[in-house]
Amino acid sequence: MDKPYLRQMPGPELKNPIFVQGLPGFGNVGKIAAYLLMKFSGAKPLAELYSPSFPDYVSVSSKGICHLPRYEFYSAPTEKNDFVIMTGDTQPSFDDVVAHYALCSETLDFIQKKGCNFLVTLGGAPVKEEKAQVYVAATSARLALDFMEKGAVIYSKGRVVGATGLLLGLAKERGLDGICLLGATTGFKADRGAGFAVFKFLMKALGNEIKEGL
Amino acid sequence: MDKPYLRQMPGPELKNPIFVQGLPGFGNVGKIAAYLLMKFSGAKPLAELYSPSFPDYVSVSSKGICHLPRYEFYSAPTEKNDFVIMTGDTQPSFDDVVAHYALCSETLDFIQKKGCNFLVTLGGAPVKEEKAQVYVAATSARLALDFMEKGAVIYSKGRVVGATGLLLGLAKERGLDGICLLGATTGFKADRGAGFAVFKFLMKALGNEIKEGL
Amino acid sequence: MDKPYLRQMPGPELKNPIFVQGLPGFGNVGKIAAYLLMKFSGAKPLAELYSPSFPDYVSVSSKGICHLPRYEFYSAPTEKNDFVIMTGDTQPSFDDVVAHYALCSETLDFIQKKGCNFLVTLGGAPVKEEKAQVYVAATSARLALDFMEKGAVIYSKGRVVGATGLLLGLAKERGLDGICLLGATTGFKADRGAGFAVFKFLMKALGNEIKEGL
Amino acid sequence: MDKPYLRQMPGPELKNPIFVQGLPGFGNVGKIAAYLLMKFSGAKPLAELYSPSFPDYVSVSSKGICHLPRYEFYSAPTEKNDFVIMTGDTQPSFDDVVAHYALCSETLDFIQKKGCNFLVTLGGAPVKEEKAQVYVAATSARLALDFMEKGAVIYSKGRVVGATGLLLGLAKERGLDGICLLGATTGFKADRGAGFAVFKFLMKALGNEIKEGL
């Protein structure tokens, strides 16, 4: 393997799906929120993205089965919206920014083919003391305002690091719209509370009722 | 030299050889086990793999002869099984995961050409206190169970790092079968005991009697 | 995105513009001096240079709008000279020198197309105690002497690190002329004084009167 | 600049020149020995090799003139032997081994074109206490023995790191002959004594009388 490759599974047709990404990161907020959305929407495997820029190990399951590090894509048609959800158990090495740009571009190619025109990246925002807050940054001032009116706080004059920020920045360069939702977290441990807050905010903002016990 | 290259030596025809890899790593278990198998089976040089991703030094022998870092392949026909054995005195830099993926792919290309359909990678598993244990991870649940029945413990919910894990993960992506055997080791020094345990388990599992004094 | 790309804005025709670069670095002297020149000359956006070698984050503005890290070019016709000014909020990773060479080459391609034949790079020179001094290094002994006569001290037997030095070295290889002006700074904090000294020296050396309150 | 490039100067025809390399390194022994050979033989500039893998700074001379990091080649016809001598003020980054392999290959391409069939790389060998000793490693046992008979000690079971070792290892892969001479040094400071010992040994071994005061 000398470049990223994508393995697709057969799946349902999606109508203008919203793309939602949640990867491991600060307080693991993004990954937890994406996991909750997958449970909520009954998401099904859609594709796997492998890359020689991921770490050189294999993960071993409880049954002793190994698999390479990868990004995982799921499709989830719901009543209100169709989703393409992306998660994974790793990001490219901190040092290899070129690889990170390439993988995000690969991701955008794929989700554009799937018809996604709107992106939501999920992550954690470091705060000193615990509080229930969701921050938003966006590809345009109008979008940031929209989500502020729905209850998020503008994440101003900061940086959004890793795939959470980069994917959005690259999407903007392609003329796509999107937002980044960051759950306030002290980041000391995997922060289920912040993950849930981000998930709940997203659902509410998109007009979904959360009925199922999660 | 700007990419890996392989130098082959003439050697015997091999029948469905089993591929066994043991490189330097945790407690040096893998390399020691591979060395014991080479001694046991009277292995002969088969090929050398050079790469610009290996460290920039030369090793000097006792006679003052220098050679570049490399992976070494040996062929070993035995009564029960034919083997292709791989060892070496280095791995690519920890930082250069892309190179590591490329070298493992190069290795798989070569051993597939040699007819290997089954892989065994050997390494060490970190434990806090010394114990005689061999762990197994595999490309399928069935294989993991097979070797569990032969006395290994399933290596569950863990990671297998470096070439020991990566080669197996990449082999699985090609549809090849294989296992990884990890000898329990505290890793404080080169662990001959763990290396011998791994070697002995492998031989027994493959139906070989260990007759020679090793 | 797998290589640098440049987005140009429409702008005025420039006559033999002088290229001035000031990036973040030691004491932030270069960036501060470039900022002062931009204010002084009423510079307008000319181009943006993006690259997969820049860090993997997005910067978020006070309005919540995100953008990728980038080099920014501005054009500034003044009475005496036309300028192309380059600044940014980052440099490629310290480790990735190949990327740094590539981005400087990209920059030189662009400014040569814009008609720049003379380069001025701005930065900070580490000194132990605060003093008001501007140092000069150049692509030729004659140029170094010219600016010494205008009040700078030859920066002899040293190294100029990062884009401040590299861009000049690469420009020299292309047969372009240029100088590097370094403001003495202890570097403990963003050094506005050193930045102003460098800006003032440059303006005086080029025959500009500084009238505006800066 | 996105790959190494070589700038050649006109120079004399050389007859089967011996290639001698001395770069900065342990105790700076190699560079000092190469410098002494250049003085001894009245060497003239032959070529300069630039590379985007060299560090991203410029060196500034005492006159304030900057130049990029580079390898420098000199030609030196002497009564007994013709030499191509290589030195420089840097090596590629420790991390970028691929670049190091590429630059050594570039170097070998060039010196083979110049007719060099025999290589001598010069460096320092770390010892705990000062002693006057020159060690040798070679591309063959015969060569190692030859130079042992001339007074060097076989450098057995060790590693020769950096360009000193790598160039020899890569030369061997091309079927070229060569040796590496290492001057014993504690490495605490630039070791002129060890550099002189290596230079003197090389001259004697090649049958040169050292007449000039050095």
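Order of writing sets the labels: A, B, C and D. Residues in every chain begin at 1.
We adopt the following convention: a contact is a pair of C-beta atoms (placed from the backbone, for glycine too) under 8 Å apart; a residue touches a chain by one contact, two chains touch by 3 or more.
These numbers come from a predicted model, not from an experiment.
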Touching chain A and also chain B, the following chains: none
Touch-network distance, chain A to chain D, counted in steps: 2
Residue-number overlap at the chain A/chain C interface, same or different (half cut): different
Chain C onto chain D, rotation angle from CA fit, given as a multiple of 5 degrees: 90
Farthest chain (mean CA position) relative to chain D: A
Gap in Å, rounded to a whole number, between the CA centres of chain D and chain B: 37
Euclidean distance of C-alpha centroids - chain B vs chain C, Å: 53
Touching two or more other chains - residue numbers and ranges from chain C: 95
Topology of the chain contact graph, where touching chains are joined (line, ring, star, complete, other): ring
Inter-chain touch pairs (all): A-B, A-C, B-D, C-D
Chain D residues touching chain B - in the complex, by the definition given at the top: 95, 97-98, 100-102, 105, 136-141, 144-145, 148, 154-163, 165-166, 168-170, 172-173, 180
In the complex, chain C residues that touch chain A: 1-2, 50, 52-68, 93, 95-96, 99
